[in-house]
Amino acid sequence: MTTLELLSEAVASGKSKDAKALVQRALDEGTAPVEIVDRALVPAMASVGEQFKNNLIFVPEMLIAARAMKEAMSLLEPKLLAAGITPKYTAVIGTVQGDLHDIGKNLVAIMWKGANFRVIDLGTNVSPAKFVAAVVEHKAQLVGLSALLTTTMPAIVETVKAIRGGVGQAVKIMVGGAPVTQQFADEIGADGYAPDAGSAVDRAQALVGAA
Amino acid sequence: MNTSAIPAGETIPGDGSASVQSVAKANFGVSVPLKFRELAIPRADDLLFGTAPRPLVTRHGLRIGGGMVYPELNFTLPTMDVSAATMPLVARHYREIISDALRRAGELEVPGVVIEFETVPPMTATPAFGLEIVNILLEGMEAARQSHGLRSALRMTPNDNREFARPPVMRSGEYWERMVELFEGSAEAGAELLSIESVGGKELHDEALMNCDLGQVIFSQCVLGVRDMAFLWERLCVIARAHGAVGAGDTACGFGNTAMVLAEQKMIPRVFAAVVRAISAVRTLVCYEHGAVGPGKDCGYENPILKAITGRPMAMEGKTAACAHLSPLGNIAAAYADTWSNESVQNIKLLGGMAPTCYLEQLAYDCRLMNRALGEGRESALTLRRWLVDSDAGLDPQAWILTPESVIAIATAIVDAPDHYRAGLAAARCALRRLKEAHAGGRLKIVPRELGFLDSMERQLDELPDAEGDFIEQQMALADPAKYLPEEYGL
Amino acid sequence: MNTSAIPAGETIPGDGSASVQSVAKANFGVSVPLKFRELAIPRADDLLFGTAPRPLVTRHGLRIGGGMVYPELNFTLPTMDVSAATMPLVARHYREIISDALRRAGELEVPGVVIEFETVPPMTATPAFGLEIVNILLEGMEAARQSHGLRSALRMTPNDNREFARPPVMRSGEYWERMVELFEGSAEAGAELLSIESVGGKELHDEALMNCDLGQVIFSQCVLGVRDMAFLWERLCVIARAHGAVGAGDTACGFGNTAMVLAEQKMIPRVFAAVVRAISAVRTLVCYEHGAVGPGKDCGYENPILKAITGRPMAMEGKTAACAHLSPLGNIAAAYADTWSNESVQNIKLLGGMAPTCYLEQLAYDCRLMNRALGEGRESALTLRRWLVDSDAGLDPQAWILTPESVIAIATAIVDAPDHYRAGLAAARCALRRLKEAHAGGRLKIVPRELGFLDSMERQLDELPDAEGDFIEQQMALADPAKYLPEEYGL
Amino acid sequence: MTTLELLSEAVASGKSKDAKALVQRALDEGTAPVEIVDRALVPAMASVGEQFKNNLIFVPEMLIAARAMKEAMSLLEPKLLAAGITPKYTAVIGTVQGDLHDIGKNLVAIMWKGANFRVIDLGTNVSPAKFVAAVVEHKAQLVGLSALLTTTMPAIVETVKAIRGGVGQAVKIMVGGAPVTQQFADEIGADGYAPDAGSAVDRAQALVGAA
């Protein structure tokens, strides 16, 4: 196996130390940082995401892979930054105002990062204005709104309105969370809906044209 | 509190005089020994729906745990926000819910019903909102009692808003004060059963679930949660006594049920969720150590374990709570129910009527069936219990740890432990052992990709220190200090 | 048809060759003797859920009535219209329903499931709409079978649109032809169980209910309804045979359940609705006389009587159909169920998930319980049946006539009668007698303002002539001639 | 008891023959037709409606009273008509397009007649245009729309729109039927909703100002 293949395997199986060492070896072998990302790290996380989506692995297993990816990236990021290379797509994500639930939102954030999105996580109980400001500031192509309470679904509506009022159709809006349905997403003019974290990556990539 | 001094057949007292301010500040940072040292129900065959050694008699004469299962109806608003502007509409919903559902209860001649009012966050944040609804519900219940003799009791469950501060402030401040205000006002207005789904420790527990980290699970629940509940329930029971109400019970909803739902979504292994459930019994037990008398909160699937330990009646929910969440415990949960609940349903229209009324009907028929079996005597009730248990037990690890034998084993492991930390550890070990044995014996199905977690959980437990102090030190070093305030737990 | 020639354990045939056009026109105006002359289940203790002397084996091996109760899931659209413009959205709903509900069925390891697709009127009016959904459902069912081995069968129930013409045209014309087209297309596509809630006679029956007029009730059901069903079911069974499907069964939904719902709304007396139910068995029986093999349609609460007569398996619905209608028969209906249904629920979101999935879960747990009792053997199953029956029987006249003893008595009265008219009369008399006796013996509660109706119903029956010809003449003189077309019933 | 009291009792208990005879007797005694209606028939039916609403009697018992009222009116109507006296309020009622269910609608029609509304019953499967035409033609103050199927609730919306478009707010619109809720009525701009036939009279009278 090549170094990149070994690296990919190390990340997918969550071996942080091995991953870091293999990144160093690949760099030593003269592989360009962007190639290490595109040919080893992103495919590794894509495969992990796929296994997760198909219920072959659980969240903790995905999380250790994500951690290995992060370790690997810690060596690469300064070099990519120096070369002016950043992820192609930026996503803003948060739980809407009045709602504190973040498990689903956190999972989606992790999976988007694995798919090489830059993810700005605004946390929970986020006001519409804060969403709009973040989309503008980070030039996001995608924004993800999450809610778990039925009492906070109106806050999704308000947030969608605020984003459309602020930046129009320029940003794709995805919504999710236990009480949200495709029908609700359609009605409020969101661009996408994902019933679970597993399908949120495909949907996001399709929306921004990365699929 | 000397538990052996509690009389069998607790009756809701007329009134009291203590005040919430009079509770002396205690140092909950030190290890507290468990108060229950033996099981109130030591034999598996005495663990039975509708039957508790220490039943609760309500003001209007429901005898919960006294030989009959009552429906416990829960409901919530359709999708809408709650604010001063929408309160007239909110009030109309609750007025409609209570009159329609109780009319049906009367028609079906239910022997009594518990109504649970679980608030949404804005109703705790603005207690006047919550109290307006409490009064609407009490009026509806009184009207039903006068017009067709329907007996009922109101369970009041304010949403625990303390986690709205991040990190959560547990013992003071706006969220705490408004919640206490709502408890006080509700008890004064006539809510008889005070309950809460308390959230102490949840701020670390969510991540512990995601990582399947048993050390952090036990730290969140048996160190943080236990200390928060001791603080909280001392005060709730003072409020209850002052107004002739009772502290009913708590639930590890945000812990055990979050794990269960994540397992249903295939996010985390079912075997892990099963062990989390066993651990959660230690946390929820604390309310009974500090004066709660049952019925325990419906969504606490750890309640059978607590019934065995305390002898108190328990609310349970199962298949007829599918409106609120799917579960692998649809029938087995009924095996221990003293009230039988639908957990929560929105006031939306189904073809058959408004959803709360439809669910009241379903609960009423479920209870009729259990009460027929109970009415024939112990052997018949045990026959029905056997079917309810066997229906689910072999198909899911979370169900398996709720078999009567598992319940007694875990309950015994808990009361034999010297303190809450070691009780959590013992509960986890016991649950794990029972899962392994049942799977090895071919009595329990565990899917292959979960099997590895049985050993990894055991390894995790082996790495935890014996002494609580060492454990706390170890786990605090691992927890994200930005997420919680140790001093809010007396640490 | 010689019913004794039907083999026990009917299997859905591979294919056939007869065509709907080949059925010779018969004169249904003349009095037809009943084909069933004795009970297939003569003893009350052999009337049991999950068990039928003549079970039905489906293509994928469900043995309905063969020792196990299966869930039968029903669902419908949320509030929306159905047109070419909305069909993409309609299709999306059904795709979502079937994949989500069957995924859950797989997770709960149900041994098999019947899916019923009951169309809304525009889907019968434009068969292409209905067929599109049939194919979506069959694809979803096949996908579930392949991915997790879930066995299922599709029951197809086109809405009977013939009443859209006023007065209804029953045997020709647009409504009839489109309905036949949908039946044909569905059977060809793979729908295995053909059913209908046929409406022949309903155009007079609604008013008969409002007037509590038993003569017109019997005329609507046992003269008009019986003739329409003979015509209709001859043809449906030809279609079924031609495509390897079976005629499953009909229901007196628009008759008996309309009466029940009106009684629940306190519009008409419960005792009257109970007698209407007994009469309705004679009407629904006709489908089995003309080739239907079960399972009878879920909402036919007359099905226990038909099970006793025919030995065919029956779908039933009760408490877990509260989503579709409230009823006084929540538990007792389960005593006879071979499939257990939720009748209908809209595809709307509940907190726990989409409503059809939540109801699938509830049905699955109900069935698990029944199957545990069945699995232990006959005595255990009879124990559960006793609780189910006793739960409801004494509280409502409609439940009382569904006790095993009432069912056998009414079934016997029917098969002992010479023709359908006198069978209806006999069923009514038998039901009335059983209500009076039970009330007199203190075993059945009847509210005071209903008691007078027992005698007035008896007087009504006494005034009906012995011979069918005289009866028809008498009732035709009373019926509003603008409301129905006698020639559509061969009169 | 006076003749009018006896008449009232005869109607309430559904004695058609007695009712007819007593009307004749009242006329013979010189009581004005309008007084017979207002002081005997309407109070009788109001009392029957009240008993029905309170679940003291059933529909068939209400129907025989309505029939007795009708018999009584058959003697009075020609005289009232000759004197130019007609019911003060006219209501149009029907089941909306695509729906055939009429039990509830028929009951409401009967109860409205009992409350001395002139009731134009358009039957079932009634198009929006037909509703509008009837409201205009009969100068109705009230229109009642009924539906039982969830698929025909959109037809209620269409019909309300058509009526508002045709005659504006001039007519009060009541909606009812199994799938209809107060919330739905509010949302579509109906003036009133009744959950059952028993309460439909009070609601109608309040709406037209007759209460």
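General observations
A, B, C and D are the chain letters, set down in written order, and residue numbers restart from 1 in every chain.
By our rule, contacts are C-beta pairs under 8 Å (C-beta built on N, C-alpha and C of every residue); 3 or more make two chains touch, one makes a residue touch a chain.
This is a predicted model, so every value here is computed, not measured.
Work out the mean CA point of subunit B and of subunit D, and you get 52 Å between them. If you average the Cα atoms of subunit C and of subunit D, the two centres end up 35 Å apart.
A straight line joining the Cα centres of subunit A and subunit D is 62 Å long. Residue positions of subunit D touching 2 or more other chains, listed in rising order: 150, 179. Residue positions 76, 78, 346, 351 of subunit C are each in touch with at least two other chains. The touch graph of the protein chains shown belongs to none of the named shapes.
Interfaces, counted as pairs of touching chains, are A-B, A-C, B-C, B-D, C-D.
Within the complex formed with subunit C, the residues of subunit A that make contact are 150, 178-179, 181-184. Touching subunit C in their complex are the following residues of subunit D: 55-60, 63, 98, 100, 102-103, 106-107, 123-125, 149-155, 179, 196-197.
Within the complex formed with subunit A, the residues of subunit B that make contact are 76-82, 120-122, 163-164, 166, 206, 209-213, 258, 262, 265-269, 346, 449. Per the touch definition, subunit B reaches subunit D in the complex via residues 78, 92, 96, 349, 351, 354. Those residues of subunit C that touch subunit B in the shared complex are 76, 104, 107-109, 264, 318-326, 328, 330-331, 344-346, 348, 350-353, 355, 357-359, 361-362, 364-366, 368-369, 372-373, 376, 380, 383-384, 386-388, 390-392, 395.
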